[in-house]
Structure formats: C-alpha cells, structure tokens
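Right, I'll just put the structure down here and ask away after.
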Amino acid sequence: MIKAGIIGATGYAGQELVRLLLQHREAEIVWYGSRSYVEQTFSSVFGNVFQIVEDVCKSDDLQELSREADVIFTATPQGYLAGVLDEDILNNCRVIDLSADYRIKDVSVYEEWYKIKHKSPELIKEAVYGLCEINREQIKKARLIANPGCYPTCSTLAVYPLAKAGLIDMDTLIIDAKSGTSGAGRGAKVANLYCEVNENIKAYGVTTHRHTPEIEEQLSYASGKKVTLNFTPHLIPMNRGILITAYAKAKPGVTGEELRRVYQEAYGEEYFVRVLEEGVCPETKWVEGSNFVDVNVMLDERTGRVIMMGAMDNITKGAAGQAVQNMNLLFGIEEAEGLRLVPMVP
Amino acid sequence: MIKAGIIGATGYAGQELVRLLLQHREAEIVWYGSRSYVEQTFSSVFGNVFQIVEDVCKSDDLQELSREADVIFTATPQGYLAGVLDEDILNNCRVIDLSADYRIKDVSVYEEWYKIKHKSPELIKEAVYGLCEINREQIKKARLIANPGCYPTCSTLAVYPLAKAGLIDMDTLIIDAKSGTSGAGRGAKVANLYCEVNENIKAYGVTTHRHTPEIEEQLSYASGKKVTLNFTPHLIPMNRGILITAYAKAKPGVTGEELRRVYQEAYGEEYFVRVLEEGVCPETKWVEGSNFVDVNVMLDERTGRVIMMGAMDNITKGAAGQAVQNMNLLFGIEEAEGLRLVPMVP
Amino acid sequence: MIKAGIIGATGYAGQELVRLLLQHREAEIVWYGSRSYVEQTFSSVFGNVFQIVEDVCKSDDLQELSREADVIFTATPQGYLAGVLDEDILNNCRVIDLSADYRIKDVSVYEEWYKIKHKSPELIKEAVYGLCEINREQIKKARLIANPGCYPTCSTLAVYPLAKAGLIDMDTLIIDAKSGTSGAGRGAKVANLYCEVNENIKAYGVTTHRHTPEIEEQLSYASGKKVTLNFTPHLIPMNRGILITAYAKAKPGVTGEELRRVYQEAYGEEYFVRVLEEGVCPETKWVEGSNFVDVNVMLDERTGRVIMMGAMDNITKGAAGQAVQNMNLLFGIEEAEGLRLVPMVP
Amino acid sequence: MIKAGIIGATGYAGQELVRLLLQHREAEIVWYGSRSYVEQTFSSVFGNVFQIVEDVCKSDDLQELSREADVIFTATPQGYLAGVLDEDILNNCRVIDLSADYRIKDVSVYEEWYKIKHKSPELIKEAVYGLCEINREQIKKARLIANPGCYPTCSTLAVYPLAKAGLIDMDTLIIDAKSGTSGAGRGAKVANLYCEVNENIKAYGVTTHRHTPEIEEQLSYASGKKVTLNFTPHLIPMNRGILITAYAKAKPGVTGEELRRVYQEAYGEEYFVRVLEEGVCPETKWVEGSNFVDVNVMLDERTGRVIMMGAMDNITKGAAGQAVQNMNLLFGIEEAEGLRLVPMVP
C-alpha cells in the first residue's frame, strides 16, 4: 500500500483527494493535514466521511510527513510549498504539488503573474508538469510533480491536437472558459457566498488570470512556437465543472474531417480523454465526479474558424483526480486505478 | 457474474442503476430496456457513459429478458409490472421492482391511493418489502422484491427505532419531508422545468401523497399497532437528496440519552445507516451519490416532543442503491458490494 | 418627502430597503450607513444601483443621523440598537428596528435566547411590534417599531386566524420552516459559501432557534393563552423565500369550510395577505420580490390535523418590505405605497 | 390609457410583459391571449398575479384583438405572426412582434436560418427593428416593430460603439454568449427539465444559432460593411440573464482610453445602457428584473485584442422590457415609463 499524506486536506481539492484515495485499492491516507482544523476529526469538517475516516487533522509539518509517507499531495496556497520544499523531503518521498509553484519553467513569468517571490527556483527545473496524457513518460521518473491547474488542463487538452498538428493559426487563439464555484476555493469570502454566486454569471480576471501563462507555455511546447492568447474565465452558479470554448483560425484548406481525425489520433488510446461524436457538444454534467475530459471540435465554414470545446470536473481531472493519476504513474500502478468512476447523473 | 436487466433504464432511477452496476464487481448489465429510446445507443441518451457503455436500448419484453437475465430491475410507471408479471418470469429469474406495485400488502389500500386496478394481486403476498436493514433475512429467500419508495425508506429508517421501542406516541407522528427534483422523474412536464423549480419551494400532495400508506404500513409493523400519520412532501431546488424531519410526543419520562441509545442499538451494526453525533443535523450533501442514510434524534424538553431527522440520496438508497443492496442479498454477495461509494462533496 | 436613513445598508435587508425606497414616491434616502464600507460609494458594493445611487457610505452615528432624518431603519446585529438608542434620538425621529432588540416584551426571555444583556430595557415597553396586519392602529402612533423577524412574520400570519378563533389545539402546534439563504446574512462564513449551500438541505437551530419565543409570544396574544411550540428551520438552496408548513390538531367538530372561512374573514380586506384558492399550496416563487404573504389551510380528515401553509419573501415582507409598510403607517401614507410590486417570475 | 393585448401571454416573455404592464401608469392589459390555457384564469397559471389579475385567457384571434387594442404584443413561435398579419390589423393598431419574423430584412436569410417559408414578406420592409437606443426615431413612426432577439440586443449593444467608430477589425469578431434558462422557453422538453440544466453547462447551436444573422445584420449597418462572425451561446443554470463576452482585434494604435471614450459617447445619454467603471466586469445579477444593459470594454495589450462585455436580463431588456420601451416610443410616452425598476439583489 502506498502511504499518502495530504497537506491542505480540508479545502475542496484536498477533500476530493480524500474521496478518491479512499476508493483506491493500493493507497491509504496516513496524514490529513489542515492548519485550520488541527486536532479536530476530519469527519467533523466533512460529514460525508463520518464513520469512514476516523483520523484527526494534523499540522503541515512536511519534514515529519516526508518520513511517514511515500507520497505527499500539497493542496496549498501559492508560494507555500516553494517556501518549505527541500532536498531532504524529495529524498524521502515523492511530492505532487497541486499549487502553481513548479508549473512554470520561467521563474520570472511566475513571479510576474503571481506577485510572489519564488523561494526555491532551483527545484523548478526538475519538476515535471503532470499533464499525464502529454508527459506520461517523464512523470514516471519524477520526484516532484507540478500538478496542472484546472483551466490549463482542460484548455490544453482541448487545443493540443491542433496546436501539435499545426492546423490552426496560434496567433488567433482565444479561450473562453467557464467554471463552477468550487474552483474559487473554500475560503470565507463575501464574493463566494451563496447569494452572490447564485443566479449570476460574470467574467473575472479578464486579461490577467494567472492560468494564462501556464496555458501559453504548454501550447508553446505543442506548437513549437511562442503562443500568446486571450484567456477569459467566468464564474458559473454550479459546484463542479469547467467548460472551455476555444476559437482559432483554421489554416487554409483544413477540413472538418481532418480536424476530427487529428483528435482521434491524439486521444484514441486515452481512457480519460473522450472525443465525442461529430456535432455533440461537451457538457460538464457528463463528466461530473470523474476523471474524464470530453472534447470536440467543429469547423465553421462561414468564418473559417475552428471551435474547440472541452468539459471536465475541475476538482477531479482538474485537481485531485489528475494528482491520483500522477501518483499511479509514479508508482507503476495501473494508470486508471481508483479513477474508473462513472460520472454522476443527474 | 450476475446478469442484470433493467426495464426503464433511461429514467433517473434506471440511469442510477446503470452507474452503480457498472462499478459492481459481480454483476453485468445485459439489457438496457427503454421503450422511448429503443434502438438508440444508451450513451446517446446519457453521455456520461460514452465509451463506457456500447449497448443499444431494447424493448420492455419481460419474458425474453427473464430468459437472459438472473435478475430484472423494473424502474417503471406504477401499474406496469403488475400488468405483465407472471409465474413464468418469476421462475426464470429474480425481480426487483422499483415501482410501488408490490409494496402494500392490502391491495385495496394500493388501489385507493394509486387509483389503479391491481392486475396481479395474487403475487403481492409473496413479495418481500426490500428495506434491507429491517427485512434482511426474508429478502435473501425472495423471488420478488418490492423495492421501497424514496420517502418511505428515509422516513421509516428515521422513525423505526422509536416506533419499535415504543418511546413515542405514534398517534402524534408528523413527517415533514423535502426532496430534490430527480424524485419527480424524467418526464417532460412544465412543472418540472428548470425555471419552474429553481428559486422556489412548495409543498405538494398535502394529505394525499401515495407514499403515506406505505410509511404507515411499515411503522405499523414496527410499533405493533395501526399507525395513521401526516406526511407532507416539499419540492426542493436541487437534483438529489431527501431530508426528513419527523415530530412526535415522547412517552412520559423518556430522556434524550435513552433516545440516542435506542438508535445506536438499532443501527450500530449497520454500514449504511449512520447515527450522527449528538446535536448534529443530517445534511443531504453528506450522503450524495451514496447508499448512506444519516439519522439523528433530539428531545425538546420544552415541548416534550422528539424530533427525528434523516437524510438520504433519493435515487441511490431511495431507489437504485437499495435495489443493488437487495440484489446483493438475493445472490449471497457481500451486502455493500458496489455500494461503498464515498459521498461526493461539494 | 420623508427623509430616511439606513444603518446597515450593505447587508441584504439594508440593500432591499434601498431597492424599495428608491421606488417609493414619498420617501428619499439621506443616509447609507455601513461601517464596513465607509467612504466607498454604495454602488461600488451593489452594482445594481450603479448610476441610480451616487451616495457614499456613511458611519453609524445615530445621533447625527437622527437630526437629518425623519425615520431611521436599523438593519444591524442583535444588541446594537439597544446599546445606542435613547430618548434624544426618539424625540428627533421615528425608528424602525429590523433587529430583534425590541420585539420580545419579557426582557429575560430575550436575554436567555439571545445570550445578550439588554442595554435599554426601559424602551421595550413602548416599542410596537410592527406586524402591520395585526397591530395597525398602534403602529400609527408609535415612535419605535420592532420590525418582526422573517420566520415570525410568516409563521404568525399563517397560524393567526386559527389561533384567534380557537379552532386548533395550540399545545399541538408544530412549525416546520424553510428559508432561502439570504436569511443567513451577508457575512463571510464558510457555512454560507455557494458550494456549501448549493445542492444541500439541512435543519438548523433545532429546538433552539431565536425566533421561537417571538412566534410564541405573538401566538399567545392571539390565542389568549401561553403557547409553547416546536419551530424547526431549514436552509434551502435559493436566494429568497420562506415557506412555513404548520401542523396542529383541529378542535373537535371543526370542518374544512369553517377553517377556510376564518382565513377569509381575517384577511379578506388585506392587500398583502392572499388566501389562496382551496387546495392550492403556496410557492415562494409566487411572492418573490414582493410584500405578499400567501397562505392556505387544509384539514386532514384522516388524522384530524390542520395543515397551515405560508409563503413569503424573507427580505421583503420578512424584513425591508414590512419596514416600509410600517413607515407608511407611521407617516400616514397609503399603506401599500412603494410596495405594489408584482412578484417576479421566473 | 393605452389598451394592450398580448398573444402568448403564458410563456416567459408574455408573463414578463404582464408584470411590466401591470406596473405601467399609462397602459392596461385588455387581452391575455394563450391558446394552451383558453378560458382558464391567467392567475391559475401564474400564481404571482393572484388577486391582481382577474382575467381569463383568450384565444389568439388577432383580428378581433386588433379592434379592441391600441397595441398588440406577439410573443409567439417563429412563423406564427408572419402567417396571420395583414394590412387590416396594422391599420387598426400597432404591433410589436417579439418573434423573429420581421427582424431580418433579407427574407432568404430568414428562410435559410429558420427553415420556415415566410408568409408575408411584403411587410418586412416597413417593419422597424426595435433596438431603441439605435433606431429611436424610426420606431416612433412605425406601425410594426420587430422586437430584437435577446442575444442580438445584448451583443449588438456591447459591440456597437466600436463597430460604428471603426476601432476593431470586424473580420475577427467572436461573440461568446451565456444565457439563463428562461431563454429556452416554457415548453415541456426533457432538455429543459430542472435536473438536466442544474449543475451543468454546455454550448449549443454552435455555428448554427438563428440569432447569428440578426447580429451580423445589425453590426453590418453599424460598421458599414458586411460582417460575418462567430456566435456561440451557452446554457447556464440560472433563470434570467445573458452575458456576452466578445473578442476582436483592435485597429493599430487604438488605446484603452479611446475605447472607453467611444462607449461613453455612445451611451452617455442613455438611461438603460450603463457603461461600467474602468475594469469592472458586468454581472447579470446587477441587472436582474430590470431593463438595463451593463457594458464594458478592455484592451489586452499583450494580444492587441479588445474584450467587449455586456450583461442584461434576457426576458426584460432582451424581450418584454424592450417591447414596453418600444411601446412608450410608439405612443409618445416617456421612454422609461414602467421600466424604472431597480434590479433585484440578491
């Protein structure tokens, strides 16, 4: 059994890790870390695991945890892990970081967008970006995984095949994203109160959202050239789910059949990425609670534009699910172990 | 592997059966019955199982199905199964009926509340009421299971220990129930449109709801005397979940400790019924997508009244989950197989 | 024009006062008090009044405000007004208090349920309980109005006719209440986050909710005897609305026709209380954004119990709307001025 | 008093017309037309107007209605009005059509996108497109108003100033739209059931939505050249509201200040179009139940793209509100009469 520790277990991503690991046959949770609830039972915070989890919340002592666990998941605020991670910890166990600290290779880009001084830039290089479908082989050999952000996971997977195949003009790429409210975290803020979010929709972080450079970096690798794009997220009155609608000019002569073929080739072997039937639009409900990403592509003959779409559960494949998928790769377990969950409808 | 057939697979209870059976290690679905979608792929109706289920929907030919399946689940309109079930079918396979046709032993009560002439009253007697925690032993030997209604499951389990122990005055029992909208089914009705249900709450079926006699019958067995009660359901703007708040006069001298002890004794050994800590109120979110029923009890010293509470997912423990639990009992499998699902939060 | 000042203008009840007073032909707002947002424009907090309200938020200096305003509305935390109100202020202007400070005549009951020492008990006696349909004449002559709580308004109006007429056994009264989330206020608490409330329902404050003694006091006046009852509120995933379902034993021989006649007589002349057609259940959607309370009553012949129902918008008739209705009465304006709002559907 | 008749009064737009006209000081409703509910009281369908509206629903006899009314609102399925409208009716009274029948000047475009043969193409020319802020003067003199579609109203107003001023490259225009579910109408369809829409988001009508040519036509007038664009609507789990996020390349040298100045100039005098403060993103909640359209614009210096945003209530300004605004213009009443509604929060 893999011994797993979670730092930040009482946030939404942390709690999802708990849900997934409890249903995993080859892992067990040895540390429920939560600074806010230290010494309280975890199940008093999340009643769903009453009589399932007996554990009490512990501190965020990463050094001690690294000696007890085979893998540590950090679902912590930006900058936290960069401030405490060191060689000692990485020699003791694997680390899967759900924060943004090691996702962006150029530390100056990280510091500019996050307005944080990076405390351990020397570790950035070895960190592997844990987008499993793209970086599977490097992940297997890593000590430190930078688990991708929710928007970047869905955006990158929805656009990747065309970026790679060179079928769209990357300079025209626009990503319009919509997310359920769990993506905003479990902090007590007026803006996230029920009555503020319910019966409402708004864009936020327009031109400035921190996931922008992460998506740009990944799509730059895919396309082989530097990508600059527009990314606009919107807050949706629902708990879970991200929907991506992306637009770009098709290269001259590209056909709808060609577009679909490229997606089939890219994802035909992938269990978690489902290329929907022609003309079917992804819906977040169809992936809720699961690790699937549903994608599709359409060509608008009138405008010569390609519409790429992706739907995903933001706290499963967009956070905890992908983290478990990374753990499975790290430890040589079947990649979908603990993740063959049928999405919940309705 | 148990071969399972579903009649009514494209309703919400039917679809939940699909979700649960796909995650069950000892059963497989051999028949996706759906009159409305015959010859269409099941996954074109429920995109959540795209690339998981390849099957095409079939008719409701129960005779043929009974020769192919070990167990048939009928998630069908009231009166349907009573009109087609016969000895032949019951000799071929087990039947778990999610409709109300065989739940009420007194056929005249059924006919009065449902306004339907029962077509096979001779089968009512042998049917076992599939409330697993109460009728476990009889269920194991049955051919025909009357799977309990959603409200009756939650109501009965929330009240049962006190009814059995004689600690409340059954003549004062009032059950105020609240249900998510999936309980109203997947039929296209104006009253169930998003804009009619959202941002709204109402009572319905006041004094006339069909689940009333079913609850009364079960609590009559428990208390050993004929129970007549008030049952008032309310429609809540959420997909899943039932909450029961029940009120009754405590018998003289009854204490809060005694009340809690009776629940602990009744359900201490039960995996699916969780007696919450003292003072904790059940929440439907804590059981979402799972087969749990969370219950609790409080004594109001000021009024001498007991408040009994229960929370449950109406299409899991309230329909499909309990049906699978019944299947497990029927076939001698571990009772919780396929049902050890951690509730989904948020 | 009546000059109105609001203390606590940036809470949900305060903001609703703003909405209503802006549409009132004989009042104007001269003071937007909000300790948290002092010196910020009110419309930067509530964008709905952008370009409608230019004012900047002010402090809670009640003395100064009392010299500028004809009427002060206090939508403030429990205990605040009792700590600052004095003869000076009451000599300068009328005060309509939306908190609970002056609702309960017996100060020891207030202090027991609210766990607060009352700082100005000498003012309690003169305060008039502003349930307009019941206390209309006293309100007209008052200096200080105790604006009723949301649950007490709906509960009292739903039960009042039968309590007054003596047609139910008051010792058997149970009130099961359901409220939208705006009733929980605009404070930043984890329990009121979107993802905690959405897709969830729970009871809270069982046997201990502070509105219990307020309802008991009012129904005691109506029935002429001391009433002790069960009151159980539930939190519903919607913004606005309260639904009351109340149960009591009918006195022997009471008929359904008699029950309905008593409601017609009680409310036949009232604009804001609508007695629905026989058999129609109130829905919160039908009163949303308005000052209406919809009520109905049914007799269950099987159990001999009466079911009383009421629906209301908790921040309109349950707070700000009734406060404006009280203001109209205080200043001799037509009672429905500014309140003839058609409920918003959907 | 203007006598108004409504055909299609029991749909969501029709019901909103009722709500608005009941609060209008110079109009009265003389005809509640609803084929589905003929001879039933209107308030039995929409309980919100119980004791406010006593009328019974009538047929859709347009000829008779035209002799009783000064203005007819048709909130009817596409193709209906084109099939029955004639000179007689137009000589008797003014007609404001909320369907799409007379919005598009080129009948072949209408027939291609709507798949309907237009039955009265001779009337298209005289119909005035009722986007009040743009066509105010022509509206005043019209007999027949083509009330704009919901998406076109919000999209056109959000983009119009830049299209007119020539500050964006119209060939790069992409409109990503999000709508509440009332836009889907009140028909009983499975896809619009609560449980299908709730906790879900999806794009629909990608590349084919019928509002596309309507937006293109209006923006072609504004920009003086033929516009072809991408329009992608999404269904959002909320009752009311449309949010538009539009993207286009800025012309070389354009600055953010210039963009904002153009909006201020275009809408500075308009009551219903509010240009938000710099950097503030529109939210549908801030306009709910009102006739406002909130717009804003940002320049992304990194990509050289302009992001235009608009928020509106789809059944108020997007349907019934704008229809009343058109009526006010037609009859020489103050344009905002009956429409000075403060948006409802929360």
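Going in written order, the chains are labelled A, B, C and D, and every chain counts its residues from 1.
We adopt the following convention: a residue touches a chain if its C-beta (ideal position, glycine included) is under 8 Å from a C-beta of that chain, and two chains touch if they have at least 3 such contacts.
Please read these numbers as outputs of a predicted model, since none were measured by experiment.
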Self-check item: Distance in touch steps, counted as few as possible, from chain B out to chain D
Solution: 1
Exercise. Report back the single chain whose CA centre is most distant from the CA centre of chain B.
Key: D
Quiz item: So which has more C-beta pairs touching, A-B or B-C?
Solution: B-C
Quiz prompt | Geometric centre distance via CA averages, chain C-chain B, whole Å | solution = 38
Quiz item: Quick one: chain A and chain B, Cα centre-to-centre, how many Å?
Solution: 36
Exercise. Enumerate the residues of chain D that touch no fewer than two other chains.
Key: 12, 182, 195-196, 198-199, 237-240, 283, 285, 288, 346
Quiz prompt | Sites on chain C touched by chain A in the complex | solution = 12, 181-182, 186, 188-190, 192-199, 237-239
Practice problem: Please give the residue numbers of chain A that touch chain B in the complex, ascending. | Solution: 12, 15, 18-19, 22-23, 44, 46-52, 182, 199, 239-240, 274, 276-277, 280, 283, 285-290, 294, 340-346
Practice problem: Report the residues of chain D in contact with chain A in the complex, numbered from low to high. | Solution: 172, 174, 176, 178, 180, 195-196, 198-204, 206-207, 228-230, 232, 234, 236-241, 243, 245, 247, 281-285, 288, 298, 300, 302-303, 305, 307, 309, 311, 346
